[in-house]
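Worksheet: the structure to be examined is printed underneath.
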Amino acid sequence: MTGSTVSYSLSELRARFGGEVLGDSEVRVSRVSTLENAEADSITFLANELYLRHLKNTRAGAVIIAASARNATQVARIVCANPYAYFARVSALLNPPRETLPGVHESAMVHPEAQVDSRAEIGPFVTIERLARVEAGAAVGAGCFIGESAVIARDARLYPSVSVYHRCTVGARTIVHSGAVIGADGFGIAFDEDQWVKVPQIGAVRIGSDCEIGANTTIDRGAIEDTIIEDGVKLDNQIQIAHNVRIGAHTAIAACTGIAGSAQVGRHCRIGGGVGIAGHVTIADHVEISGHTAITKSIAAPGVFTGVYPFEANREWRRNAAQLRHLAELARRIAALEQDLEELRRTRT
Amino acid sequence: MTGSTVSYSLSELRARFGGEVLGDSEVRVSRVSTLENAEADSITFLANELYLRHLKNTRAGAVIIAASARNATQVARIVCANPYAYFARVSALLNPPRETLPGVHESAMVHPEAQVDSRAEIGPFVTIERLARVEAGAAVGAGCFIGESAVIARDARLYPSVSVYHRCTVGARTIVHSGAVIGADGFGIAFDEDQWVKVPQIGAVRIGSDCEIGANTTIDRGAIEDTIIEDGVKLDNQIQIAHNVRIGAHTAIAACTGIAGSAQVGRHCRIGGGVGIAGHVTIADHVEISGHTAITKSIAAPGVFTGVYPFEANREWRRNAAQLRHLAELARRIAALEQDLEELRRTRT
Amino acid sequence: MTGSTVSYSLSELRARFGGEVLGDSEVRVSRVSTLENAEADSITFLANELYLRHLKNTRAGAVIIAASARNATQVARIVCANPYAYFARVSALLNPPRETLPGVHESAMVHPEAQVDSRAEIGPFVTIERLARVEAGAAVGAGCFIGESAVIARDARLYPSVSVYHRCTVGARTIVHSGAVIGADGFGIAFDEDQWVKVPQIGAVRIGSDCEIGANTTIDRGAIEDTIIEDGVKLDNQIQIAHNVRIGAHTAIAACTGIAGSAQVGRHCRIGGGVGIAGHVTIADHVEISGHTAITKSIAAPGVFTGVYPFEANREWRRNAAQLRHLAELARRIAALEQDLEELRRTRT
């Protein structure tokens, strides 16, 4: 969509990121595009052979491609093991993130006992409370709130309107999108004498390095100890992480998923959107969970797990779903039939 | 609840909005009410014959009603084809939206290179970045953030605390409620060497005219090209629209629904609450999806589609749901029974 | 995690909160801890006998325990009927909420016709519109928006970035977490001539006393009359309450649940996370709903209700779920088998 005016030849890209160049290695590219809308100055990629038909017609100057498709086009190309990751790196080179502009906006309210590094950027209408710390290279967008004793580590980036409650930590290079709330009280209530008594939530939230937290995602502070998001975790938008959850390093979770209190999710998991994970369960490393699945008990070993009701036309769904309430009875009737048939057979011989 | 002091006679309403008046056409109404709580100065409506019993007892001065119910009351009434839509127009007449008050609040931070029309209203603590444009009649509520080169078109209204990231567009007359985030990065990550590499999200979000975006709804910017919300789309609260989704014109989506990356939803669809739509699927025009359904593959033709697990008392659910894990086996046993029975029959004759 | 420097002996706690002390009643505690991480100055609790093994090894100075476990440890202990609620009260004593600091921050924009009690605290960048009222002891965090004629009652606490639209009410001592939106327009639209007409939402939201509203939760204003949250209701994060819903007193709802328009939820209900409740249904008092369940019709009596698709390994799920689309046919085949077998039997004798 937008392009930098800088350009790179394929041989320059190879020098930075590796891979093998086929075709004219002096082709220069200045922007990334989709296969369909690429032009002569675009580099694009093919990560999924489903899109081979688009490759045929692309006008791209260059394409990043896997070894298996090396001969699927005559366009100048970079052949590599992981075209999508290679593309990510090329795109980051051509579309560098906005630089941090050191300085505190004149409208920001920084408590005199807060520590804001001179190389940090603090936007308009930001509130930074007592003893909070914002480290070098961090950028805090307009209207963010950084509570007492909270820490925004080096090179972290908070987009506008993020709230970080007291004593919570956002790790180095972690990105937090608008509307995310880090460290609100966990849902700790005790029922007593016909009403709920609030349980003070005195833990905090610790988010590791190199994470990304999506827009309007909420991560609650721990009840007594901390809620922990380990390094490299990627959370999409509108995710809810309850108190005392731990998410293992390099796990990725798609939007609208909710994880209930004290659940432990392993490392390198991939969790779909709209998933629910019950409180206190443990999910092993390398588990994959399909979107819209409810995980009601622990998963002890890697694998792909699913629990989705298949949709169909409403009329058919009505007829079929009605039987769900009779499933135990149907199973019993099948067993009875088997027995009766066996009986018939026996008495016959 | 609140009423304007302006009043209209039924004949005046007929002159504006059409319909047929039965009973005293000079009855004057100054506010809208429910059937149950209407008074002599109220106009109310009956859109669903389920509420006929409330009609019997209403104290309303006038009622808006369908032809099929024209004789169900003696109250002065307007008979029309679509009582609910007629009511909507009467209510808008009696409850006009707050007017835009042109001017930039003294506390707002407007970049000198931003363009804010003199007929736009900019509230307190608003940030408007470089090259952003706010057109005539638009109102930007307290604490909103309008990123670089973003556009808020004529007569659009942003309630407080909306974030619009760089280069995103909000169309004419579109309403955006508090906490909505337009244009945060899509969830684009590539897995490589045991960790995730961020894929820059360089597309934007384009929202058409006459849309409404609910509170805390998030619409992600496109990975390479744009995410598109066509004209007249109505999105309820806490909806998640991922990168490169397209929502067709005049589609309405209820709260808490999540639509994954690159899904294409048709025009005039009606999608319930809590629905999940998988990435890359295509939904035809005029499709209706029941609440809480997961759409895991494309839908090629209009119709109503459903996939909801029917709830029941927990004890029954336990007994029935346990059989779900044996369903393939139950089906196999039924087939075996049919074969055995057939066998028995054959050998018998 | 943090501790106050104040300490209490068990006999002092007994004097305040009741219970029976076993062991050394002069043991002093200054902080609450988990069983696993407690130290000599910690008080902890055992509410669930699943954690008895942690009790064996605890280094806590004191523990709060039920009568059934009174002899399960030699640690100094308080025996009471409801250890978790007792713990909540002790923790609140040791971790009192931050005090309200009366005064209006110099950056806040308070309309001259708004009424802010001199004992209220108004944070930086807060907007308070005409005729709004903030009562004594209430605290309004940084960047909140309080619309025209809205009321924030005595001792209520709004964390940063809460939006309260015009005419909505937050009751006494109610806590509202960051990003919550109170009173956005309900999703009222009428379809007419191929497009949607907005129905003005002229009701408001009334939230009772002693409620808690989680981060990024949204509660829509009523279409004509008000949306009502009764006293003592506890709402977790990212909950969506649609227009004209009523939630009965002391009901608790876990995160990510959505309740559609005009639904009526009883008193003392417990609703899990990720639940969907359809519009216009009525839920009796004392109903419990399991997480991730869709409630599509009314529930007339107390009980536990569930509708969750059990997850399994994807390969098994595929085989079993495929049969769901044949369930009505499987039921028919079972009935046919029963009839055929009966026939066989009859003709045999």
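In order of appearance the chains are A, B and C, and numbering begins at 1 in each one.
Note that contacts are C-beta pairs under 8 Å (C-beta built on N, C-alpha and C of every residue); 3 or more make two chains touch, one makes a residue touch a chain.
Being a predicted model, the structure only gives us computed values, none of them experimental.
Student: Looking only at residue numbers at the subunit A/subunit C interface, is the share used by both copies over half or under half? Answer same or different.
Tutor: Counting shared over all numbers used gives less than one half: different.
Student: Please state the rotation angle, between 0 and 180 degrees and to the nearest 5, that superposes the Cα atoms of subunit A on subunit B.
Tutor: So the angle, rounded to a multiple of 5, is 120 degrees.
Student: In whole angstrom, what separates the CA-based centres of subunit A and subunit C?
Tutor: The answer is 25 Å.
Student: Which residues does subunit B have that touch at least 2 chains other than itself?
Tutor: Correct list: 107, 125, 143, 161, 179, 216, 238, 256, 274, 308-310, 312, 321-322, 324, 326-327, 330, 334, 337, 341, 344.
Student: What residues of subunit A sit close enough to touch subunit C in their complex?
Tutor: 107, 109, 125, 127, 143, 145, 161, 163, 165, 167, 179, 181, 184-185, 187-192, 194-200, 202-204, 216, 218, 220, 222, 224-226, 238, 240, 242, 256, 258, 260, 274, 276, 278, 289-290, 293-296, 303-310, 312, 316, 319-324, 326-327, 330, 333-334, 337, 340-341, 344
Student: Please output the residues of subunit B touching subunit C within their complex, sorted ascending.
Tutor: Listed in rising order, the residues of subunit B that touch subunit C are 1-2, 32-34, 37, 82, 84-85, 87-89, 91-92, 95, 97, 105, 107, 123-125, 141-143, 159-161, 175, 177-179, 210, 212, 214-216, 232, 234, 236-238, 250, 252, 254-256, 268, 273-274, 291-292, 308-314, 317-318, 321-322, 324-328, 330-331, 334, 337-338, 341, 344-345, 348.
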